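Naming follows writing order (A, B, C and D), and every chain is counted from residue 1.
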Amino acid sequence: MAKPVVKKEYTLSERIYLWEILKGMKLTWGHFWFNFKACWRPGPHTIPTCWQYPEDRTREISPIFRGEHMLQKDDKGREMCIACGMCAKICPAKCITIKKAKRKEGEEDKYAGKTYPAAFEVDLLRCIFCGFCQDVCPKEAIVLGQEYEFARYTKEECLLDKRKLLLNYRRAKEEGKLRPPRKRVPVVPAPPKPEKAEGAEAKEGKAAAVGKAKKKPVAKKKVAEKEE
Amino acid sequence: MNQNPTPQTGHDTGDYVTVNIGPSHPAMHGTLRVVALTDGESLKKVDPEIGYLHRGVEKLGESLTYHQFIPITDRLNYCSAIPNNVSYEMAVEKLMGVEVPEKAQLIRVIMMELARIADHQVCIGILGVDLGAFTPFFYLIIQREEIYEIFEWFNGARLTNTFGRIGGVDADLPDDFEQRWEELKPNVRKANDETEKLLTHNRIWMDRTIGVSAFSAEDALNWGFTGPCLRACGVKRDLRIDEPYCMYDKFKFEVPVGKNGDVFDRYIVRMIEMEESLKIIDQAYKLYKEMPADAPLMARVPKVIKPPAGEVYSALESPNGELGFFVKSDGSAKPYRIRIRPPCFMIYQAFPELVEGELIADLVACLSSLNVIAGELDR
Amino acid sequence: MDLKKRVEQCLGPDNLVVSMIECQGDLSVEVPKRSVVDVMRLLRDTPDLGFNFLSDLFGVDNLDLNKPKKKPTKKTEEGAETEEEPEEKGPFPPRYEVVYLLLCLERNERLQVKVRVEESDMEVDTLTPVWKAANWPEREVFDMFGIRFKGHPNLKRLLMWDDFPAHPLRKDYPLEGQGEERHLIYDD
Amino acid sequence: MDDWLIAIIKVVGIWVWVLLIAVVMTWVERRGAALIQDRPGPNRAGPFGLFQPLADGIKLFTKEEIIPTNAQKLLYIMGPLLFSLPAFSAYAVVPFGDKIILGGKEIILQVSDVNVGFLYILAIGSMGVYGVILGGWGSNNKYSILGGLRSTAQMVSYEVPLGLALLGIVFVYGTFSLRDISLAQQGTFLGFLPNWGIFKQPLGFILFIVAAYAEANRVPFDLPEAESEIVSGYHTEYGSMRLGLYLFGEYVNLVTISGIIVALYFGSWHMPYIDLGAYLGPISWGIVSFCIFFLKVSFFLWMFVWVRWTLPRFRYDQVMGLGWRGLIPLALFNIFITALFIQLTV
């Protein structure tokens, strides 16, 4: 097939190779010289753009980094998880397994809720670190921490059981790397009074299908009001 | 995939040699395969094979709930996960008829444009590497890291962002976003400038790219090209302007258009698009700052998303082109059918036509300039 | 003029419209299978439609939709929905459908064109003479659903390997496979 | 001291020295590339990663030698040898210093002062292509063959402009011997310029350096091993020390070419404007001239690295076009101008 090739006109400086080549070499020399000077600085983090990873851990990790999981305890040292199973349900990779147990008498200082997980397993080999579990958790019990070194020797070690999850929490607490409390995302406010019946209906578990038709214009209006 | 690809005429015995390029070949990025019938260096017949990264994403979507599919979309175009997420979310929102709050839309715009810059940086960097110029790759990739840093501080992940939720976004911009952005902007510009200095006017680069795998506008439309590859052919088509979504109609930006549709034009179009993206983010952030701090970020959506039965198609301008999601619902909590319209699927099928008759070196250049990402190609 | 009316005007006289559905602003037209190429030509060349860009082409398996739903207990109160559905389900028995997404670049209008395919006659005319872009999507539909395209220049599997026994996007193909042989067998 | 003993010492000495430079070059290349690209590069083995070549050498030596099943064994084994031997022997006629007087005996710092040095270099240099093509052919790999073919075409083509560019120098200095040319570059030219080849043959110098880059298969002419196109070109199938021989041979070639450039165009061991030889004793001048020579050589070695990490790669047909349509006419023009100039001035 005929291919339309419009020849671009080369300027003189482009036509003789050397001029642009020399300009490029000047640029690379600039980088070389800058980094060459930086090389002589002591310490592992010499070149500003590169972290020498195992030695140089000065790069700041975001406090909300989605790293290794942990199970949080509340300020009284009680486990917060109530084994509701929301995280296991929402997990797209199905990597969480929970066994629910009822809190017995005299265990109030150990578990915060009336139920607690007898077993809580997170399969790191399956996890895709989407963070849905911590989003959905009603008690902010399971969170993803800042730990990002996942190399293990055996497959068994990749299975985080409850003990390891709590250990992760303890370590994070000692290192001061706890995740900050979750910020609630502001949601478009509920429809005003006259529409209450509709809202209540929707709350009763009605499918979004019906709610949407009426909710949508309201939501829009609400946003518009906010703007004003 | 076929296991015995193209035992074509003159199979190694006559004048022609069949060269199997990929899937483990430096220029094929481990996931593509091209069986080429060559006459010396020139390509007589080219047969691209895909499917090496086929993970059954569409099938997987049918077994997950609407929310659970968001992380899966990260893995489509892994160079820029955010437009994938947003495109999918937009499709479901359209199906449900949900209106996303404006502030959430602005955050989406900011993040998507950042992802666009990152994607173009990778594309141009790889194009340079495949044409033998290693250095610009590093200058660009360093800035991409900084962009990833912003992503990390936004919602905790660098590459597979799982950005946003159906009905809005899951987090507000971090407090230090402005500072990071002001730091990033000149650096991105500088990296682009340096790339331009090293490549654009260098005659070796021009010889390698100008006129290579040129494509006419009619052909491009016929083959279903979208995105930078179509614009390089001279068609001014950008979903951000033609079918505005996410408040894109409020921003002023140029859509660069090439002339020949060759590798050079694709490269230049991407270069200019990065600059335009920077401008869009500036405008979007200005609008964002004007919003009240507690403006809603999520529309009211039920916890269990059950869109009404129906089917919609919604597309947006991803860095590669039109990325569309067709979602068909039967009223249950799981999508009935999700079809992903990946931009480079349509582009890559024209690959034989683009490169046949040219040299092996041009095949590599053409492939890189198309920015074929196997994740969304094979799904 | 409304897109729906224009499409009707264009295709109506020749009885080319089987049904039309609008969902959230997306118009979809179902056309008879045997005249799909003619319809596409018409849609492309009629001046006030001008759908000159094939955006996508894919298949859908309606197996589960054809099944009687277990809804009676749950969804009866959803009056509006249940009434709508039978309408859509009227012509359902054809199990597969091939969906063409068309786009008019001048007016930025989109149109879904559907073709129903019965299990007994899994062959659709290819669209490659109209749009070259139909090439790989048709191969993919063949690969994933087993729908053959008559006249396709190179109809072989695209994503799966050649001797893969099933068509994986069919609804009766389980998510974890049907116990096919592993493609790679290492003997220790 | 006997002449043969001196000759052996010189041969072994310069062989070890060139090998050492080649080894260090592998480090310089990577480290330089890294610094140009804003990253530190190899910095684990020893101070500044200086022992990295050593580690690489140990690795290459201890790796298993694999001969592909369908390879032509003889050619496959001969390939690296044929490539590295000419590379090592080409340095024989390149000087590495002025002369040194030990025990009343004048020792010239050159392995052998052949009076047809140019011809020797061109002849030996063109031998290297056999190593590449035989290695590429013997591997029984399509990429290797493509690489070998590319390399052959390229090296054969660029030998012509290389030779023609050298002719200009021969016209100017009237000799084939590299040592005589080096000696002739002392003093100044037109009163203010050093009497160097580059100032007498500027066009010739550019032609020569371009052709030399192509001969050495370096960027922007590294098509024979264009990584992104034909995997690794002619040494795709090579491993262990056979690969090592190819790589070392390449770096030795770089040293030789830099040596030739310095000897012909950059005033050899002469400093500009100052005649150090007049101030220093015979022994110290020998050492100093050696140092000056290799300082200049190292600059050109660095140029190879520097250019490599700045430029993209040519395409096959463009390389051929540049060689036959660009460099050869220019080289002929250069010869014509030089001849005219000499005719007019003498």
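By definition in this document, a residue touches a chain if its C-beta (ideal position, glycine included) is under 8 Å from a C-beta of that chain, and two chains touch if they have at least 3 such contacts.
Everything numeric here is computed off the predicted structure, so don't read it as measured data.
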| item | value |
| --- | --- |
| Interface with the most contact pairs, given as the two chains involved | A-B |
| Label of the chain whose CA centroid is most distant from the centroid of chain B | D |
| Interchain centroid distance [CA atoms averaged], chain A/chain D, Å | 54 |
| Rounded Å distance, chain B centre to chain D centre (Cα mean) | 44 |
| For chain A paired with chain B, centre-to-centre distance based on mean C-alpha positions, whole Å | 22 |
| For chain D, residues that touch 2 or more chains besides their own | 36-39, 309-311 |
| Per-residue overlap in chain B, given as positions that touch at least 2 other chains | 97, 135, 139, 142, 198, 202, 204, 219, 308, 331 |
| Two or more partner chains touched - positions in chain A | 21, 24, 27-28, 31, 49, 207, 209 |
| Residue ranges of chain A touching chain D (in the complex, touch as defined) | 18, 21, 24-25, 27-29, 31-32, 35-36, 39, 46-50, 52 |
| In the complex, chain B residues that touch chain C | 1-4, 50-51, 54, 56, 58-60, 62-63, 94-95, 97, 219, 221-224, 235, 237, 242-243, 308-313, 315, 322, 324, 326, 328, 330-331, 336-337, 339, 341, 345-346, 348-350, 378-379 |
| Interfacial residue positions of chain C with respect to chain B in the complex | 23-26, 28, 52-56, 58, 60-61, 64-65, 75, 81, 84-85, 88, 99, 101, 105, 108, 110, 112, 131-133, 135-137, 144, 156-163, 168-169, 171, 173, 175 |
| Touch list for chain B against partner chain A, complex | 64-65, 67-72, 74, 96-99, 101-102, 135, 139, 142, 152-153, 155-157, 160, 162, 168-172, 194, 197-198, 201-204, 206, 210-211, 214-216, 219, 259-262, 264, 291-292, 294-302, 305-308, 331, 353 |
| Footprint of chain A on chain D - complex, ascending | 32, 34-40, 43, 48, 206, 306-307, 309-311 |
